[in-house]
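By letter and in written order, the chains are A, B and C; residue numbering begins at 1 in each of them.
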Amino acid sequence: MKKHYIILVGLVLLGIVYPQMFPGYLSVAITLLLYAGWATAWDILGGWAGQVSLGHASFVGLGAYFVAVGTAHHDIAPWWSILMALVAAAMLAYLWGSLTFKLKGPYFTLSTIAIAEILRLIAINEGWLTGGATGVFIMTLPEPFGLDLFSRQVNYYLALAFAAFTVLIVMLISRSKFGYQLRAVREDEDSAMASGINPTTVKLKAFMISGALTALGGGIYAIFLSFIEPHTIFYLLLSVQIALTAIIGGRGTIWGPCVGALLIVGSGEIFRTMFAEANMLIYGLLIMVVVMFLPRGIVGEPARYLLRRAYAKRAQG
Amino acid sequence: MFDYVSFMQNLSNGVLIGGVYALIGVGLTLVFGVMKTINFAHGDFVILGMYCAVLLNTLFGWDPYLSLLVAMPLGFLTGAILQRVVLSRLVEAPPESSLLVTLGLSLVIGNILLLTFGAEPKSVNVSYASSTVSLGEVRFSLILLLAGLATMVVIAGLYAVLNHTELGRAIRATADNRLGAELVGTNTRRIEAVVFGIGMALAVTAGVVLIPLLFATPTFSGAIFTLKAFVVTVLGGLGNIGAAIAGGLLLGVVEVMGASYLTSDYRNAYGLLVFLLVLLLRPEGLFGKTVKRV
Amino acid sequence: MPSALKADGITVTFGGVVAVDNVSLDVEQGKILGLIGPNGAGKTTLFNALTGFVTPQGGRIHLHGEEITHLPPYMRTRAGMGRTFQTERPFEELTLLENVLVAAFLKEPKRKHAERLAMEVLEKVGLADRHDQPALDLNLARRRRLELAKALAVQPSVLFLDEVMAGLNPPALKEMIGFVRRLADQNLTIVMVEHIMEAIIELSDHVIVMANGSVITEGLPRDVIQDPRVIAVYLGED
């Protein structure tokens, strides 16, 4: 476990000096960090608790809209609106989970799509609340400590902090009582109940943490884009991207979602000219390959192999 | 004031469009019944059918209904091959695997279409696009009527195959009790490939009959059709063909009625709401028994 | 001795079929109750009704005098029930210690204390030397013992054992019988569903025989197995 913390500290240090080394590649890095954070947050519910959601764009949208509408229409500073978004996201997750957690497996997944689509239609059609289909511009932002929140550099460090914070939360969870409860519920709800665990409570907690963290990234995303529209930010494909990033990397592993983000954003950059707007092709091909040949993901499959081998060695020695 | 004529107009439009939804849903439900697989790419198969008609029309000037002669067998073959090459590998894998792999397939199909045909919507212009048939004061759009008719013919054909042929008997036996079917000598692997082929052929057919009505766009619309297909099948109960037909008609009517009497902004939401309600209120009834390990 | 577990008139029906018909039982603290009967007799359903995994249509269940009839399974665990599952499914990616830890957290929320408890339980079932082994690749006898360790780690006062002897080879069976004996000697109350007669006869203080959802006879193990009705039921099965 200690090694994970060392890796995290090392990566954060690397992340801090990155803008000095590659000042021209900040936007890509921001996208990478946001996806790493979202996928990690998604994985708390989708991987650790085993409830595959295809509706997480709703939480991105919620966070983004609180920040954008907050500054553009109500003159609320983004740090306050992000706090409100976290609370709202946790509440949404609670309601959403209470309604749908009795559905199992693929049926839960289908229900998340349906709810997310309904939320998207609300965001498009309820203009009084969201600014409607045309979207919201963020024209001005406050300057805390003289920082220009519109600058790429500041956006980058916000995204870095978001990704690192999310990974840290997952690390803490993975070794805690709650982390073991999550895994127990994922593996076998009956067996978990026999251990005194209430599966619904555990799943609700996971959904609330996952949703709130996703909304946090959504708020940073809104500042980064400085223009948001419901069609893209509540989009099913965004939900799909977040989920597939985590699944390709490896569900229920600490680094899987980050590796997934690196792989996908990286290959997206490399093939950008070849595929232009058909960038989802990479997701499609990767997920097919992963499900067919590496069902535990790119990190999960070797991790399992190493675990096995390490013990075999110890047992012999 | 209640306008009887426009009500009948809406009802008949709803039923006709619902027929096409039923056709899409029947394919999905048939595949689910036999393979217990939720096919996420089903809507993209519909889009493939639309582009097939577009392509044959631009190349040879074929009428969409003529292109069915090519699209249906092609859809069947592609489906059977996809099942053999991709899905048959997942028999032992957890239930989400097939959902994820077909989700991947959906992305691949949509984006290949995008690369091939570009992002702008495509359609086929037919000479009879604005023709109508009148029955009393209610007027039916000819293309909608043809779509409804084609749907009925195809579903009747499917019904005949399932109930009156050896193949149909084997399909029903496999859906009912896979092990039992194997014991009496049914090659269930072959049946699965055939069923996935039929499912794809039905989706492609729906796409072809829809092309005079709707524009084909490569990426997002596939997901919309997949969702509609889920709604249709869940309304009736996955795996049940008769119920899928009823579900399709219901969805068509709910959508058209909701759009004209409530607000068209939420046209796509009505079906989803009904879908959610059914999922939540009758989850076990609709998806069979929940299996307890203890 | 006070009653640890008491059930009155338990009735379970599945869509019109009566699986358990008006069954009552009473187990004293520190005693072993054996539940036997041919396949389909309803003993597993009764077992699941007692542990809360099946909702009975009628009857009441008391644990140490407290009514628990309407509590969900996890609340019954918190009230002092522990159970094993017939088909054990350990968390494969976790080590044996972590597997038991999940259950140990119930009474010991602090990780350090929970780990100590889990280790103690692993020692009891004889898996301590393998505590850092991942649970995948575990053989049947050890999976059984791990399943037992999970049930013990919630520190139950009444332990439900669902066919823990099935499929064990003779030495492993002997070991398991001795182990269950020691548990009862430590004043743990045990309810066991079992097909292995040897284990039932050697362990049970009281045996209930079920057939077609009802109790056909009950009493001391020696008496029960000589009961002509019991013999008839078992012969009828073959």
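Quick note on the criterion: a contact is a pair of C-beta atoms (placed from the backbone, for glycine too) under 8 Å apart; a residue touches a chain by one contact, two chains touch by 3 or more.
As the structure is a computational prediction, the values presented were derived from the model and not from experiment.
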{"item": "Of all other chains, the one whose Cα centre sits farthest from chain C", "value": "B"}
{"item": "Centrality ranking, top chain (CA atoms only)", "value": "A"}
{"item": "Between chain C and chain A, distance of the C-alpha-averaged centres to the nearest whole Å", "value": "42"}
{"item": "Interchain centroid distance [CA atoms averaged], chain B/chain C, Å", "value": "49"}
{"item": "Where chain A and chain B are represented by their mean Cα positions, the distance between them in whole Å", "value": "32"}
{"item": "Contacts with two or more other chains, residues of chain C listed in rising order", "value": "53, 85, 89"}
{"item": "Junction residues of chain A, two or more chains touched", "value": "188, 190"}
{"item": "Multi-chain contact sites of chain B, meaning residues that touch two or more partners", "value": "292-294"}
{"item": "Complex interface listing, chain B residues touching chain A", "value": "38, 86, 89-90, 93-97, 99-101, 103-108, 110-112, 114-115, 119, 219-220, 223, 227, 230, 234, 263, 265-266, 268-269, 272-273, 275-276, 279-280, 283, 287, 290, 292-294"}
{"item": "Residues of chain A defined as touching chain C within the complex", "value": "175-177, 180-181, 183-184, 187-188, 190-199, 252, 304, 307-308, 311, 314-315"}
{"item": "Complex contact set, residues of chain C against chain A", "value": "51-53, 72-74, 77-78, 82-83, 85, 89, 91, 93-94, 98, 101-103, 105-106, 109, 111, 114, 132-134, 136-137, 150-151, 153-154"}
{"item": "In the complex, chain A residues that touch chain B", "value": "52, 99-100, 102-107, 109-111, 113-115, 117-118, 121, 124-125, 188, 190, 236-237, 240, 244, 247, 275-281, 283-288, 291-292, 295"}
